[in-house]
């Protein structure tokens, strides 16, 4: 129940136990093609978008976006927390202008505020974070994009804790770059940064940019196109085994059905929240419409969250620390993504009740688990 | 018998079959510490060097070196082939001055030539490639460094096809940055760029640099230090499972003994070369003292190397294409690194003889395999 | 949550992923020795007992007991259910006299009744079942043995659903043959019948017997002794990979501590029973002192147990059918052995509540899971 | 290169890494059906034969044949070595009459001799061994059966080292019981005895027999029929994971094509023999028409075979000891079955040459490997 790497199906892990697969093997070429096509479905895009898998993870995918930007261009960062904030130091390593709109912890920047700022003019790009991993807040991407689509060239959405667990319609919503990482709701190990670029984004890729070498998507574009055509491609060695595992994961996602998968995440998230509130605790995300399917921040009153994390691990549950600086020492996070089930929700709430009570927090043992169960049954 | 990813021991792969290991789990923290300490041995450095494991691979390790360089500084690239050449476009993405010394294919840049160029003055850094993966040529690193050590600030060695299979004494030789990737002679899957930085290099890390965000080693330094002290560290999610596998690989290397491992590679390489010459073919590397323990380029006369590669894979042997543009279509490569054994050498030569003969190349079937066997027996 | 094969730790399963281990490999010899020694601890015996691992499982271990019996000898079978009953047809395939004492379903044969029957004289051997897998009833082995020890030559206890989860003191109690299978509370895959024979039993092995060939323990004895001395042994090929897995399992049991393991099973069993009763259902085992740590039979009132089993499997929980003919169609079984945790208990009860309610059974959703949680917390 | 358990494909081993598969899971039911159907192809029989998978291995399959025999019936054992001989003590544990015809080591009992003996009358059954694992001799089953088919009720063939690597046409040849084990040429781990019974054999199963309980095929028959109909079946717990692995193995056999598989074994065997003779040694099997595709016995002149076995294992090759008492200390065996390839043949010969030479045997280093290579090329 970590925010990532998440619990992974054995079937996915075992797909990586291949001791003789080089980057020019037919097996790898096939897996790459399968993976690139599978990502389109998860991102809600069609063939007009090009999907990419590059080395690294969420941060490499984010930084690769600078290969779409030219010297001096202005970017608006819409940040709901730590991972939204990350865009700022990242972009500032390059000769770009960067402005940031920040939400209070547990809240999101209202779409109107984004619209207002963009209306001032001069912005080439806007970045936002679909689900803010540090707080579990889901941003209203669709509405925000609708308000600004005509006024900026590039709309970039970080879907790291969203893709595979939340509804994503990057094309319908008008998103130019939707990105994620392999180790979150896609349920594979970490090691890959994943993106889809719209035609408009691909067009911008043709020109000069401020980017470095490895994360310059121009270097990766022909590689991806080759793999989709069943041919070899090479720029820098991809994590072959992770690709095999992610391809298997996408196969299992297809088998489950993306809608079923999203519904499962929604159900588990609902049970987790019911359990947390049932035992008498509060959730970091303030507004119900912004509750995410993947991360729930839990505010504690008396105990040290670090002690909670150590104690639950002895009961077989790994949770994640709170990382929002404004809530330092006051919360921890439950990740519920990937292959998570209602059984995990029940067990997590049960462990939390017992551990928190033992550590002196004022929780009602038995009530959280009952509430989670009723949420699952209804 | 690929140049990488190489054949991997099952024990290494199975170390990654862990479905519940997050980046804050004690198991991961322990593996990171073990890995960072193990790398010191492989690189021939002591605690005055800091080892790093970052996302990516050889290229990310190379590009992270720019976090040691300031605007306008001048770098000399000593290139013996494709991967030496790669430094040029990489460094030129940054505001640096770059000069390149190039060897003929199959040869290396003489140490004296490097000394001459450096003597002209103005260079902050020199890069060289320990084993050039595109041709299998080993560069005389020790001698080259000796001639230039006093004249430049930073000496950077790309040990991608060397570390774990060739003698490496980065500290004794006076190398500031020795780097490699997980998927070559270390015998783990790809996904990690690995480096060791000398005190001088660490000192340079303190100042401003031209680097981007993800590959800025300043962001990774505290993470590595934490892990070595058994504490959590986080900047960007590392490929947890690959770390577990590399830690296992380094454990097996320790068990085998680094010297035994190097001797094994040397023996296998010798058998491969004897086999290639025994069947009547020529090797890309021109000078015997520059034969590497890890890669052998084989020049063919009549057949299309691409057809050889397709045919050998049906016989259970995966080889690598030749990639040096000046030898286009005239050679292929045998990788012999990682967990490679004399049995692999014999089987590879046997398959090559049969496949080449079938494709019409003028080889003596039975003679190569006999020569390889005699090389192993002597 | 099956009665076996049970859920198995990945670490155990991966110990079997060895593609080159023959029955004469040092690795196998070592694993055999380790396993045979580890079994002594689990059975509560010392070096005066010889442990055995033979092909098959519980039934082969049971049938191998005939290699201790001579033509015409008389055996008393003490049966508390289906697996106790199995001794009858089994023994009757041989020229032996067989009498059976049977308990009502959910109950056990009182030790006094066994004493009374044995007192009639003429019995060479008595068999009993430590935990009757068909009903979850634990037999009072210690007391029963105490009453008959002086009157029979051989006391045989089937510990198939007991060893590794219940307190077993075969030597202190005076048991001559204690047997089990690999796939139950020892937490490994099926494929091995396991026994410990006392000195008295080993003495009987010397003579002629009624047994067949493969299950004649005289053929296996020198093999086991060889392996314990680190030497090769061969009579009939053992399931090499299963041995590697069981050896790993016994290593993990040692690491956990046998007492901790038994306490864990006891805790989980208590939570399961609290959950079953909390939701309003009855348990097959009638007397609390005979509740086992490993199997709980659950009586349903309205629904078809077969439908329950199909439905829970869709929720990720596999349960076992009821097999006692006298309770046909009226119950199912929850297995809770091996690597089972409190989290499994909570999740199982939660799934059962929801599934049973959906199928129309009159259960109180939320109350079972709350009761199980309170049982775990107290 | 052992005679079994043999080297196993990772794909087969990984099919067994399932931690939640009980004997009533749909996955297991499906695998059983698949396996039982797959065995028919390997045995060369149609639906008029019933295939069985029982616990144990070759010996349990052999002993289960007594469930077709009645008290006092007479059996002729045709033995070409140790495993042929095994029928005698096995059958003599039961009230049967047993006669044995024995071949010299390295030879087989001539079909005419079998015919002569059977013609004397009184025999209910004849057993023979398709490939005698102790010497590598293949028996002329087809011809032998032709000569006796009309004179006995039951013809039983032990195909332990044959099925999956030699041509088997049990139905066309008129064999009533063809049996094997999972760990030989079928390329799965040990743990299962496998049989096919003709209609005539199934008819005999209806009556009383001399068999014990576990190996009484009457107990297993309804179980097998259930599984083939996609229903649950239970008599005694089967090694669930081994079944999953064997089902995968049979799937791979089907993919390879049975004829291709037999041809591959034939080719590897030919290369092995050419290599052995090329280095100057002799083969145990005396007559070329009786060379098997799966086992080659190698006679040494000076060295101790036990030392050869220890030495080759350090070179990554596991061979098997010689076990024929009449050739004690004079030979060792090379197993070449399962997933064995020409590369294994070449590597084995190369290792043998070097090891034998080092131990002082008079072999021609380089000549064996050359001869093996030429045998593969031709």
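The first chain written gets the first letter, and so on, giving A, B, C and D; residue counts start at 1 in each chain.
Throughout what follows, contacts are C-beta pairs under 8 Å (C-beta built on N, C-alpha and C of every residue); 3 or more make two chains touch, one makes a residue touch a chain.
Keep in mind that what you see is a predicted model, and the values were worked out from it rather than measured.
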{"item": "Any chain that touches chain C and chain A", "value": "B, D"}
{"item": "Taking each chain's C-alpha mean as its centre, the one farthest from chain D", "value": "A"}
{"item": "Separation of chain A from chain B, taking each centre as the mean of its C-alpha atoms, in whole Å", "value": "33"}
{"item": "For chain A paired with chain D, centre-to-centre distance based on mean C-alpha positions, whole Å", "value": "54"}
{"item": "Geometric centre distance via CA averages, chain D-chain B, whole Å", "value": "46"}
{"item": "Residues of chain A touching at least two other chains", "value": "10, 14, 17-19"}
{"item": "Of all residues in chain A, those that touch chain B in their complex", "value": "2, 4-10, 13-14, 16-26, 55-60, 63, 66, 89-90, 93-94, 181, 183, 189-191, 211-216, 236-242, 309, 313, 318, 320-321"}
{"item": "Parts of chain D lying in touch with chain A, wherever the complex brings them together", "value": "10, 14, 17-19"}
{"item": "Residues of chain D touching chain B in the complex", "value": "10, 17, 315-317, 341-344, 346-347, 350-351, 353-354, 357, 365-367, 369-371, 373-374, 376-377"}
